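For reference, the structure discussed in these notes is given below.
We call the chains A, B, C, D, E and F, going by the order they appear; numbering starts again at 1 in every chain.
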C-alpha cells in the first residue's frame, strides 16, 4: 500500500437528535484498522458529542457516548475541539469527557486526547488533510 | 397554543422563527436537539431569555439528560418536564404547531 | 383525549420516531386514546420488517409492531411516500409487479386521506420529523 | 361530519433540496377533497417555493412548481406569504408566480391567491387554526 | 482522475442522490474513472428494488442500476447502515433470518472498510448528503 | 482546496461555518439549496461579498435554474458553473471538504 493518507473526521452534529455522530464513530473505529493518519475535529454542534454525563435511558435510545473512550485504544488520539464553538455554546473544556490514550513510546504514559484549538488553528489542520469526512 | 422546537438553535433557524411567530401567552416546548436552546450562557440565550417575558418555555427532561444537560445549566425560568408533562401540554393547549 | 401522531422520519437517522413512540406511550399511560399514527416522507421506512439493528440497541420497527398489537393502534403508511421509498405490502407488490413485500406486522398502507381524516377526527395532531 | 376544521399548511422548506415541498403539496391537493377550511402559509425558505421560472431540467428532477397553479381549482386560494421572509431573501412579490382563482360567487372573476402578510398578521392567522402541518 | 463518491441520503427526500448521480455522469463524460460509490446512513435506501415512483418522475434506483451496468460501477451499500434500515441481499436475508431481500441490481452490501479503501485508493472522495 | 455547501444560509449555519474555516485562496462551490447563498440583496449577501475578497465562490447552474434564480440576481463576483465545472473544480483542487 502507498504512503498513509491523512484522514480527518469532522464532527458537526449533536449526538442524539440524528444518527450521524454514532454512525460517524463506527467509521472512525473501522477506519483505525487501516493504519492511516487519523484525527477528529469537533466543530459547531459537534462539540456536544463530547459532553460529559450523557444518559439516554429515559429516551429509550442507546447511549453510545462511552465509545468515545475507546478511541485511544484504537490509536485515535488527536481530537481537536474548536474553542469558538465551545464558547458560543457556553461550554468549557471541563464540560467534556476526559479522553486519554496511553503513549507506548513514553512508557505508556496516559495523555489527553482532546486538544482545544482556535478557529485559525483548525483551519490550518483542515488544510493539511487528504480526506475529509463530515458526521 | 403549544409550539414544539426540535432543532438546535446553533445550526438551524427553527427556534428563532418559532419565537418570532409565537403569540404572547403561548407554550414553547424544546425537544430533541431543540433542548440546546435551553442552555444558559450561550450566544442564543438572550433570545430565549427575552422570549420568556411573553411565552412559557419548557424543555424535555429525557432529551436534556441524553445530552448531558442538567437543570443548573439552563436559563432561569425554563421549566423541565417529562413525556407526561409533554402529554399534559398537548392537552391543555387547544392546538399544536410543530416547527420541524 | 383523542390524539393522532404523524411521523416524518425513518428509524435511527433522526430521533423523530423515538420521540413519537415515547409520546404515544406516555399518552396511553395517561389514559388517552391514539386514533392513528400516520407515517409520511421518510417516516414510511419505519414500516419495513427487514431491519436488524445491533443487538444492544432498541429495535424501532418491532417496538412499533408490539405497541400496535398491545394497544390495537392504527399504524398507517402513506402509499405515495411508500412507493417512492420501497415499502410495499402484498397488494402493492402485486399492483406494481414486485417480487416480494417488506411491510412489518401491525402496519397498513393507505392514502393521504387517512392523515386528513386523523386531523378531523382527533382532538390533537402532533408531528415528529426532521 | 362535524363542523369544518381550519387547516393551515405551513411551508418552510425550499422547493428542490428536499422533498417536503412536493410531498406537502400532495397533502394539500388530497386534503382539498375533505371540504375543510384550508389555507397555506409560506415562511422562511418556504417563500422560495413560489419563485417564478423554476426549471429543473438540468438536474434531472421533476419540476412540480406548475402544480401550485392548480391550487385555485381545488379551492385552495388563500396563500399567505410572510413579507419579512421575502425581504430577508432580497425578493419582492414580483418574483412570485402569479397564482389566481376564479370566484364563482363573483361571476367567476379571477382573483389573486397570494396575500403578502407581515409577521404579526401571520402570527394571528396561525392562532386561528385548528390543525397545523409543516412542509 | 480516479473519483469515489459517498451518498448519505436516500432517494427523493434529499437532493443528495440526484447530485451524486449528475456529478458521476459528468465525471464519466469527462473521461474520469469512478472507483466506487459508497452508500451510508439513509443513503442505503437507494439500494432497494421495491420502489415505484410516479411515472412522470425519475426512477432514482433504476437510474443507479443502469449507470452501474453501463459503466461497470461498484455500488456498495454499507452493511451496518443497511441492517438498521432494512436493506438486505440474499446472504444478509439468510444470516438474519429474513423471509426475503430487496437489494436492487448492481448494488452489493459490504463493510465500512470499503469506504476507507475508497478514500485511500481514489484521488478524490466527494460526499453528498443532508 | 474545494469546499461545497449544500444548505440554505437562511435556515442552516453551514455556509457561515464554511466561510469561517476556509482559508484564503480556497474555492467554495454552492450546490443544491446552498445556491441561495448566491442571492444578491439578501441578509446573507454581505457575508458572501466579504468572503469573496479571500476565496472564489461558485454556484451550480442547474441548481440555480431549478430554483428560478438567474445570473442577474446573483452577487457580483460569483462564478456560475455546470456539473462539468464541478468536476473540474474537484480535479484542480487536491482535496475536498463537503460541509453537510
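As a convention for this text, contacts are C-beta pairs under 8 Å (C-beta built on N, C-alpha and C of every residue); 3 or more make two chains touch, one makes a residue touch a chain.
Everything quoted here is computed from the prediction, not taken from an experiment.
Listed here as common contacts of chain D and chain F: B, E.
For the touching copies chain C and chain E, the fraction of interface residue numbers used by both exceeds half; the interface is of the same-residue type.
Averaging C-alpha coordinates per chain and comparing to chain B, the farthest chain turns out to be E. Chain centres here are means of the Cα atoms, and by that rule the chain farthest away from chain D is A.
Rounded to whole angstrom, the centroid-to-centroid distance between chain D and chain E, based on C-alpha atoms, equals 34 Å. The distance from the centre of chain A to the centre of chain D, with each centre set as the mean of the Cα atoms, comes to 43 Å. For chain B, residues touching at least two other chains, in rising order: 6, 10-11, 13, 32-33, 62-63, 82, 95-96, 98, 100.
Residue positions 12-13, 15, 19, 22, 41, 54, 80, 84, 125, 127, 129 of chain C each touch two or more of the other chains.
Contact of a single residue of chain A with at least two other chains is seen at positions 16-19, 44, 59, 61, 130-131, 134. Applying the touch definition to every pair of chains gives A-B, A-C, A-E, A-F, B-C, B-D, B-F, C-D, C-E, D-E, D-F, E-F. Residues 10-13, 41-42, 45, 48-54, 61, 80, 83-88, 92-93, 96, 98, 100-102 of chain E touch chain C in their complex.
Residues 6-8, 10-11, 32-33, 36, 39-43, 45, 61-63, 65-70, 73, 82 of chain F are the ones touching chain D in the complex. Partner chain D is touched in their complex by these residues of chain B: 1, 13, 17, 20-23, 95-100.
Across the complex, chain F meets chain E through its residues 4, 6, 31-33, 62-63, 82-84, 86-88, 90-91, 95-96, 98, 100. In the complex of the two chains, the chain D residues touching chain B come out as 10, 12, 43-44, 119, 122-124, 126-127, 129-132, 134.
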